[in-house]
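Before any comments, here is the structure.
To keep things simple, chains are lettered A, B, C, D and E as they appear, and every chain counts its residues starting from 1.
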Amino acid sequence: MNIQDKTVISAHELLAPDSHGNSSVKYILLALCVLAALLVPVVVKDPSHQNLAILILMAAQLGVAWNIVGGYAGQVSLGHVAFYGLGAYTSTLLLTQWGFNAWVAMLCGGILSAAISLIIGWSCFRLNGHYFGMATIAVAEIIQIIFTNWEYAGAAVGLTLPMDQQGWGSMIFTDKAPYYYIALGLLLLTLAVNYWIEHSYLGYYFRAIKDEPDAARSLGINLSRYKQIAFAVSSFFTAIGGSLYAQKELYIDPGSVLHTGLSIKMALVSILGGVGTLLGPVIGAGVLTFIEEGTRALFGGSGRGTDLVIYAALIVVIAVYYPTGVMGWIKQFFARRKAVKAQKEQDVQEAKREAA
Amino acid sequence: MSLEIIIQTLASGILIGLIYALVAIGLTLIFGVMDIVNFSHGEFLMFGMYSSFWMYSLFALDPMFTLPLTALFLFALGTLLYKLIIKKITNAPMLSQIFTTFGLMMLFRGLAQFFWKPDFRTVDHSIVSGAVQVFGIQVGMPQVTAGVGAILVTMGIYLFLTKTRAGAALEATAADKEAAQLMGIDSQKMFAMAWGIGAACAGVAGALLSTFFPIFPEVGANFILIAFVVVNLGGFGSVIGALFAGIIVGVIEVMGGFLIGPQYKLALVLGLFLAVLMFRPQGLMGKQ
Amino acid sequence: MSLLRVESVSKRFGGITANQDVSFEVGAGKIVGLIGPNGAGKTTMFNCIAGYAPPTTGEIWMNDIKVSGMSPEQCARAGIGRTFQVARTFTSMTALENVMVGAFLINKNVGDARQSAARLLSFVNLGQFRDKPAGSMTISEQRRLAVARALAVKPRLLLMDEVMAGLNPTEVRETVDVVLKIREEGISCLIVEHVLEGIMPIADAIVVLDYGKKIAEGSPEQVSRDPKVIAAYLGDE
Amino acid sequence: QQEIKIGVIYPLSGAAASSGSEMKNALELAADIVNNGAKTVPNLPFSAGGGLPNLKGAKIKLVFADHQGNPQIGATETERLITQEKVVAIVGAYFSNVTATSSQVAEKYKIPYVNPESSSSTLTQRGFKWFFRTTAHDDLFVHNFFDFFKELEAKKGIKVKQLATFNENTLWGNETTKLETKLAAEKGYNLVKTIVYPAKSTQLTSEVQQLKSANPQVVMQSSYLGDAIMSMKTYKELGFSPEMILANNAGFTDTEFRRTLGKDADYVITREVWSPDLAKNNPLIKQVNDLYNSKYKADFTGNSSRTFTGLMTLVDAINRAASTEPEAIRKALVETNIPANKLIMPWKGIKFDEHGQNVLGSGILVQIIDGKYNTVWPFDLATKDVVWPMPKWDQRK
Amino acid sequence: MLQVRNLRVSYDGVLALSKVDIDVEKGKIVALVGGNGNGKSTTLRAIAGLNAADAGQIVFDGKPLDKTPACKRVGLGLSLVPEGRRIFARLTVERNLQLGAYTRKDENEVAESIDTMYSLFPILKERRYQLAGTMSGGEQQMLAIGRGLMAKPKMLLLDEPSWGIAPKFVTKVLDTIQLINQQGMSILLVEQNLHKALAIAHHGYVIQTGRIVMQGTGQDLLNNEDVKKAYLGV
């Protein structure tokens, strides 16, 4: 079964000094990006645009979290929404039923999700490729069914967060800006953890497991332990993303936080940007959200689903023509330039040799 | 639970299970040959249903008579789809393949809605209608026809794969595309054929379903998850596995729904599926 | 003192017996060749020792640790390194990164791992391929890379499955040198090889399998004179 | 000339798109009547055309948005409508869960939100100030069922004792089940079976088997179209003949339901809010329905008529406010008092309580006979006598 | 029989072959030798059509092949036993052999050929219903050779046929090659067992970093000092 991602590139490679200028330039660029991101709510006043920015950040954060297990470790989970929903439900219940501080509730949701991911991983990691993907879908569906029927969690009716308890303790605001900063902070945190993983031995282990699990074992790597680590970290951050959703929309139900399409979207974001790369999901989230919101704003009122048709067509075109995502495309671009150069040199040398 | 109810639920479960199997066989075939999970398979089913519906509503042709046409139409659609799109992602990473077929799923649904409106359509009078009485239980005639059709098609596909040269070539291509080429097998043709046959299976399932199931752009969604479970349970790539798994899933769903409560019937099927995977990670009849 | 002890190991796959009651030892710092006709059960024996396919009966000991029944990763931690008959490199990584993955077992620090990996690459004469993606190396290069990778976990015993296949005599020589250097590091080697020019001159002992059974054991000279071995394996030349 | 932008948010794509497009039609008709007039319906407010008289003939402009049945998209789109399109009020959003999130956004921005057709009773229990619902909600509809049973016994001597509920597993089905269970207990009925089933099933055999073995007199059912059709087919196939199927609107009031099932759809009673035969008591209904029919080749349905009414109510408020200021519109909405004869609904009028709920709305029950919906309850509005029990499957011709 | 002219092949822009010229006359064995990674396999793959040529021509049996896809070349009588076996792991041994004869129509003849393969490699007969992937490395190699022969090609391209084969059998394999050659099949052979390969070859080419650097009769090359030093380890 061919599930390896042959065309994958590492961010390390992409950001390597030789391909993108030297590394201090890189850091300055990075700092500028963060600064720009911090200024968005100050510059963009329109709440609807701010909302768009938040949606991008949230989608990016989910993509980055998914990427840890789906991209780096190559365990294509198609049921990540389970953790998203668990996070959203846990924090909301703790907040509304137990009066928890929202931040603590959020953390609890993350920890609970990570713990549950260990159980799921324990049973599913023996499965290969598509079987694993399907098993995760099944788990997510089961969790959705449970929540749809669980009275305490509001069953199909869902849960509402109290809009009147505003403030940082309950993480409920009328303004968009606080949500924006929370989403940004969360994204940066997830990226930082991801970056750290990628550059530590874990990142190497994950990629090794993805490429050749059998060979990885011969090097003393306990496959399920490291898959578990990837899965747990990933589900922790996914759950936190779910909590943030609940805090922002103030209403959750199984249809909105446990919907299978969302799992796919988390993966799409990564794929679109470049699987197994640090910044790929961020770029992917930007592109996807723009396509999504753009087509809906432009064609959504027609009543014939034109927006969906265009959105879907775009996805297909991107998947077919840019299978390695934006990052892969960038890399290919540079690689081709390099190759053309090398070819020329080779030809020149050949000509010289011929002449000699 | 009386004996009558047991037999009745069993019969209903088997009949719906056969339909699941037929949908799943197309999926498993495409997967087996190309290693691609076709998320848009439910939409093939939907196209099959619409094909039957339109021939019925425009020309008053019964879905049973137009079934071969529907199969042919879907075969053409499958091969065309392969040539236009899937061909380009044959060697792409698994994730972009998922991405592509998922996009196709949305695209097909969108197109169906765009052209045929989101309304529910039905074939209200077909030559197969009413119910038959067997062993003291009632079973719907359309369901029985569909079940028989599903068995026939499955057997046909199985014989085709195991007994014919083209079947062997398909298997070889599935195993190693490049090596198959070295045997003189045109792998492009094989892939196109796999998509054609896979789509045709879904088309036939659609035609059979159209006599008793409402037709609407999103109808594929009702079947696709179960079809995936069936494919997995049977083992990716195994036609006979899909047949058995389909029946098992159908029976569990109906029986479980009756005994435990309908709201948990899908959970039950999924739970069983996970349990089986724990012991047989490659599915019931899958190859390791 | 022997490092590895294989004690009457049998391995069956359904009706096929791949190994039957095989016993032998590998001494510390020794090179032992495991030879035999195709299908004699050599690779299977490797899989038993390295934990990939537990023996049906019999035991395998590494010093005082019973490794039969342990998982591959536990075997690796117990000091058994291996290469595969099919190279199985991490194709999306560079040569250096491949070796680093191995090095992390000893030291989780990335910088240290990079250094020791670079050393090992030069050790197997792949220094110039440092940053080449492993997927685009030839099969024989990948095998040598696999040797470096296996060495990175600092094994006390290295199992090498046909690392000299597909090499021309000059390249075989180079590889032999690498094996000798490995022994100098104090690492024992158990080598499956059909390229006898490569294994016979350097082996301290040879074990011969045929149809899963051990048919001969001894020094290379003894074994190559053994009529049973000639009949089953060497052919009369 | 001023243009008044009103945001409307409905499921225009996805699973519920067909209902969505129907409601979109109704809204466009309403807007057209207000802006361009309609001579055939002189009694309908604003049918003179020429926009809103109190706003110097300002025309209304509908800005459509599609929420795809997704609560998050609903919220996002509502925000877009408010901040980008600068609409003065919102009408939406059909699905109760989407209405929940999108009305929350409107509440935050202090923009009036008129909800013509979401039936979850919780929506008006949130203490919102900007939320107004013109339709009656599930609570009331379920009460209607039990009132019907009581009157059935009192006036027709038909005794109903054994009930079963058969509702789909969504917000709507769940709330309905809860209420039905509660009321059955309170009013002394014997609830022999409570089934919640997952929507979008591929088959309903086990559910019907359960019903059959519980053997209730009446099945109270909530299903959308696909499931409604499939359940009827399964009833027939398995020979399940309760005395009555008392449906809770949705799939059972869809035109396709009758078309597909033909005779097999007969005798089912379903809760409705509107029916063309009501024209007997209120000529306005026929006039407006004819207009709609001439334009879209279909009759109004419970949904489209309510949506129409919702927008007309909002327009009435804006006109009375004589301003496009949200606060002024809200005030006008609070003071709404539209009499029954200005409506195309069988309601006593429109008047909101402090929660924004119209207290004068109500439901009706219609029975399908010979492929047509006939109002059978309230008895004083009935156009046909109720047929009870429905004949067994094997005794129909 | 086969003329390769000015062949140039690259992987992702990196040149693997440049200006390769090779001729194989009808009924001859031609050996292609060279060190690791010098482009031997690439040459064979390009001839078989698995790798697209950037430039150059391949003419087989008088017919230029540049437009012919790999699968059609088999029908013309050109068959490759690829490096690394590439047998169909999940199919049985016998099914593998049958597939080797995919382009042949006459079923009886095919059955006969299978028997021939079984007599050539008895282990295959013993394991005919075993899944090919569970065979030992060397067994798989034999199966790969047998499968290549099943096409009854006019010309056989062999990429390291003795890879992983026991010494006793290597001789047998090379003998077999000579035998089928004597029955009229042309052969282009890549083999690291230089002594044996050049001993049976009528003609040989030496390839280095993607270009042909030397050619001559098998014996000439064996005696050549440079070859001895570079490849024979003398």
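Methods note: a contact is a pair of C-beta atoms (placed from the backbone, for glycine too) under 8 Å apart; a residue touches a chain by one contact, two chains touch by 3 or more.
No experiment lies behind these values; they were computed from the predicted model shown.
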Contacts common to chain C and chain E (chain labels): A
Pair of chains whose C-beta contact count is the highest in the structure: A-B
Longest centre-to-centre distance from chain A, chain (CA-based): E
Inter-centroid spacing, chain D versus chain A (mean Cα positions, whole Å): 40
Gap in Å, rounded to a whole number, between the CA centres of chain E and chain B: 43
Chain C-chain D separation of Cα centroids, rounded to whole Å: 76
Two or more partner chains touched - positions in chain B: 110, 113, 118, 263, 266
Overlap residues in chain A, where contacts from two or more other chains coincide: 4-6, 8, 145, 148-149, 304-305, 308
Multi-partner residues of chain E (each touching 2 or more other chains): 12, 14
Those chain pairs that satisfy the touch definition: A-B, A-C, A-D, A-E, B-D, B-E, C-E
Partner chain E, residues of chain C touching it in the complex: 13, 16, 36-43, 85-86, 136-141, 162, 165-173, 194, 196, 232-235, 237
Touching residues (chain side chain B, partner chain D) in the complex: 1-2, 5, 8-9, 12-13, 16, 19-20, 110, 113, 117-122, 124, 131, 138-140, 212-214, 216, 218, 221-223, 226, 253-258, 261-263, 265-266
Footprint of chain A on chain C - complex, ascending: 50-52, 71-73, 76-77, 81-82, 84, 88-93, 97, 100-102, 104-105, 108, 110, 113, 135, 146, 149-150, 152-153
Sites on chain A touched by chain E in the complex: 335-336, 338-340, 342-343, 346, 350
Chain A - residues contacting chain B, complex: 1-8, 70, 76, 78, 123-124, 126-131, 133-135, 137-139, 141-142, 145-146, 148-149, 260, 264, 267-268, 270-272, 275, 304-306, 308-309, 311-313, 315-316, 318-321, 323-324
